[in-house]
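One chain, chain A, links the two complexes that follow: it is found with chain B in the first and with chain C in the second.
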Partner chain A sequence: MTETLGASRAAIYIPQPRPDLLRTPGLGRLLKWRWGRLVFQLPLLAVAALVLYDGFTGPQLAPANSATVLVWIHYRGLVILGLLLVGNLFCSACPFTLPRTLARRFSLAGRRWPRRLRNKWVSLAGLLVFFWIYESLDLWASPWLTAWLVLAYFVGSFLLEALFAESPFCKYVCPLGAFNFVQSTMSPLQITARSPALCLDCQGKECVRGSAHVPGCGTELYAPMMQSNLDCTLCLDCARACPYDNVALQLRAPLQEATMARWPVRRDLSMLVFALTFMALANAFGMVPPIYAVQDWMASSLGLIAPALQLLLIQGTLTLVLPGLLLLGAAWASNRAAGGSSGATRQAMAARYAPTFIPLGLGFWVAHYGFHLAIGGLTIIPVLQALLQDHGFAVFAGRPAWGMGALLPAEVIFPLQVVAVMLGFCAALYSQARQALRHAPPRPALGQLLPWALLAFLLTLAALQLFNLPMEMRGTFRAT
Partner chain B sequence: MRPDLRRQTRLLAVVLALLGSGAVAQGAAAEGPGTGGRAIRLEDEPAGPYLLRVVTSPTPPRVGSLFLEIRVVSAETREILTDVEVAAMAIPTEVAEPAIQDPATHDFAPNPVEYAVHLPVTSPGVWEIRVQVRGALGDGEVSFLQRISSSATLGAALSLALPAAGIVGLVLVFLVLQRQQPTPGVKD
Partner chain C sequence: MRVLTSPTPPRVGPAELTLELLDPAGLGVDHALLQVRGNMTHPGMALVAGIVGEAVKGQYPVTFEWSMAGDWILTVDGQLEDGRRLLRTFELRVEPAP
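Moving on to the complex of A and B:
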């Protein structure tokens, strides 16, 4: 952080003047209010409490329990739409950070998160474990396990905040946070400094260090140097702490980050953003019929019978090994096609093009999670009616309307999925072309970007084939 | 940004936007399934001396794929019954096709105390689903209407053509950009 704050004038990011949400009458004041974050956190804390209560004590049938319906239908669908249309809204109102505020009181005098773990490998491993547990335990079908997952989140956040001084849980561990950070690089809002010059003369750096009443940035981002939403939880503590009211929440051009000139040349970051696109496919693959064939083949050919091990192998291959090899291969091919004229290393080439896959992955996530929200968004109404009825509030609830479910007619959902996938593909190609043209004239630029474009093509093809298949939701029926 | 780079990227943006809108049109014309998990259709529904819970999956049910999970409870004692005979029937309401009937068993029900049955419905549209129970307490029957979605999908050819069009468009744009490049060595 010391190096960051002591950065030269050249490192200061000067954004284009654009509308600032924090200057919006009413809303801006609410967002910057000392308790502004709490206003958004408390409703989500109430939802988390409901998930815990109903998950542990309610009916253990997924479509009849608010734990499974709220987490696997509403949370996922709304988070991805929020990221696409606004920004990192979930991290901004994350209820898991409320107990950790209490945990900070027990913080052991500024102990720092180990240097060796200050990267994205931990969250990448966390994402793999998360998706593996999700698939192997059929989390979506178990209210009880879903409630345990939420409880584990509260405990994990609390413990890490109690042991370490900064917010390592958000920045280095939380798989949901890693997912949100990466997807939020496509969001239309970003924290910036209104007048970067003012920040150069600022002595206190309250936006990072905090003031007497407001904590500074938990993930240690310095507002005038921010060119990316990565690691930003949108908590707005920086805006509240700044004594000069110099922090803005600006609108920005779509795809600004995917096309931006310099992403950090870091293996962990390139791998995380690239692997998340594959995770979108792997997560959907776990729900469609061909996975049975793969599992059968593993049992007969490899003698691997335990479903949990089969799924670990499938997930590990699809979300780590395959993307790792393809990232290396595409970087090599891209460098070779550029004929060495690019002057970039393979690692730099990977760092340049890996972020262009974020819009592609976002399209896949929107198609998958948007589908579940569209097909089951209204299920929460009969679920809550039944919950109230079970607790003696039948007068207010009425008879549960179990016929309710879909937010959209079934026939329009698949076309919308195709649109989401194709728009993500077009955005990825556009980002790749912008990146290539930034570094070379058209002919060598085309050679440089073709390996990446072909990879995007193959992933899109796989996604369209995957969404063509019925989502059987493995575990719904017991094999005979 | 350099003016030539700006011009090139604007051209790219236009082409890709056109491709994107093409995909929108194609996508809107396509029919697709989109399926998901379970949906509760009936809960504690009286059927003679029984109360039934009926859960359908996937959501929405598609041609060839409608599963029912049925829990039978005694209306008097609220005890879950596992020794009754359960049968399900699907009757098309929009087309003249024969009804499909099958017994529900414990064999592949996720919850062993419940009954499950697969009804291979043959056409899209609204079907009447009847569930009949026979046991020591007597007979009971419930029914509900269920919409079945078409199993039509995007199709392999279109799935290939859409992203392929993107790649072809990209190469064409770069060829145009290449032609617009000033020839090296030519001075005004």
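Moving on to the complex of A and C:
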């Protein structure tokens, strides 16, 4: 951290002057208020408490329980829309960090997260395990298991915060955080310093170290050097802690990061952002009929009978092995096609183009989770009516309107999915073209670009094919 | 009680279900007030309610519509003529439309 804070003037990022949300009358003041984060966390804490209560004690029929409806329909859908339209709102209002703040008071302060684990491999493994558990235990179909998952998040966050001095849970462990960090690189808002020059003369560096009343950045980001939303939980502690009111939450172009020149050359990061695009497809693949054919083939050809092992193999192949091989292969082909003129290593080439797949993946996630929100967004109303009725509040709740379901007419949902996928594809192509032209003249740039563009095209075709298949709500009976 | 489906196996689209309600001696039980609702196992899918017709010798016809392929839980909730409550669930797998 000392090295970071002692950065030279060259490392300071000077952003274009743009509208600053923290200067918005009223809202800016609320966001920077000492308890501003708590205002947004408390409603989500109440939702988490409801999920725990109803998940453990309510009806164990997923569509009739608020735990499963809120987590798998509303949380996922609203997270992805929030990331697309605003920023990392759900990390900002994350209720899991509330007991974590308590844990900080009892912390065995001083111990740092092990150096060997200070990367994104843990998050990547966490995402793989999360999606595997989701598929193999049919988490979406079990209010009880959904409640356990939420409880595990509270406990995990609390324990890691109690054991370590920083916030390793958010930065290195949390799969949801890893997902949000990566997708937020497409968000239209970013933390910056209003006047980076002022930061150079700042002695206290309160935005990172904290002030007497406000903690500094939990993930140890230094505002004037930030060029990315990666690792930013949007907690705004930096803005609250800065004694010079020099932190801004500025509007920016959503593709700014996918097209920027200096994306870190790190294997873990390249793999995480690339694999998340494949996870979007793998997660959707788990809900459509062809997965049965794959599982049947595994049983007959490989003798792999256990569904959990079948799903582990499918998930591992689709979200780790395949993207790993394709990332390496595309980087190699890109170098070859550029005629060796790129002057970049394979790793540098992968780091350059992997982020251009984030908008593609974001389009897939919007199409998938947006589908669930669109087709089932209103089902929470009868679920809450029934919950109130069961607890003696029938007068307020009325008779549960179980017929309520879709937010949008069914016939417009698939066209909207196609739009989301195609916009992601166009954004990926544009980002790739910008990256290629930044590093080479037009002709070699085209060669360099081709393998990545072809890959994006094939992934887009696969996504369109997947979303065009009838959804199956896969396998809950078959697995049991 | 058991459920018979037409078509068999169940497919997406309109369906005719038959609820067969028998007493321990195997005789049909009529005059029960029954409600039938179908839920998918995935949250976020609207409930589908069936329309239960008049029973003949314990056979209750139900007009129903499977709105999506996948796993369904059919809940039969009702009251027998003597006032006893009846609550049964059935797990069904619905195939995509041909």
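We take it that the second predicted complex is superposed on the first by the 475 of 480 C-alpha atoms of A that agree within 3 Å, B and C clash if a C-alpha of one lies under 4 Å from a C-alpha of the other, contacts with A are read in each partner's own complex, and residues count from 1 in each chain.
Just so we're on the same page, a contact is a pair of C-beta atoms (placed from the backbone, for glycine too) under 8 Å apart; a residue touches a chain by one contact, two chains touch by 3 or more.
These numbers were taken from a predicted model, which means no experiment stands behind them.
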Once both complexes are superposed via chain A, do chain B and chain C end up clashing or fitting? clash
Is A:Leu461 contacted by the first partner chain B, the second partner chain C, both or neither? first
Which chain, chain B or chain C, ends up touching more residues of chain A in the combined arrangement? B
Report for A:Gln256: first if it touches chain B alone, second if chain C alone, otherwise both or neither. neither
Could you say whether A:Arg438 touches chain B, chain C, both of them, or neither, answering first, second, both or neither? first
What is the contact status of A:Phe425 with respect to chain B (first) and chain C (second): first, second, both, or neither? first
Touch check for A:Asn65: first (chain B), second (chain C), both, or neither? second
Taking the superposition as given, does A:His372 touch the first partner, chain B, the second, chain C, both, or neither? both
A:Trp140 contacts which: chain B (first), chain C (second), both, neither? both
According to the stated criteria, A:Asn335 is in contact with first (chain B), second (chain C), both, or neither; which is it? neither
Residues of chain A at both interfaces, chain B in one complex, chain C in the other: 61-64, 140-141, 372, 375-376, 379, 382, 402-403, 405-406, 470-473, 475-478
Please name which positions on chain A make contact with chain B in the complex. 61-64, 140-141, 371-372, 374-376, 379, 382, 386, 400, 402-403, 405-406, 410-411, 413-419, 422-423, 425-427, 429-430, 433-434, 437-438, 441-443, 445-446, 453-454, 456-457, 460-461, 464-465, 467-468, 470-473, 475-480
Please output the residues of chain A touching chain C within their complex, sorted ascending. 61-65, 68-69, 72-73, 138, 140-141, 289, 372-373, 375-379, 382, 402-406, 470-478
Complex interface listing, chain C residues touching chain A: 12, 37, 39-47, 49, 68-71, 73, 91, 93, 96-97
Which residues, counting only chain B, touch chain A once they are in their complex? 5, 8-9, 12-13, 16-17, 19-20, 23-24, 26-43, 55, 57-60, 62, 65, 67, 107-110, 112, 116, 147, 149-151, 153-154, 156, 159-160, 162-164, 166-167, 170-171, 173-174, 177-178, 181
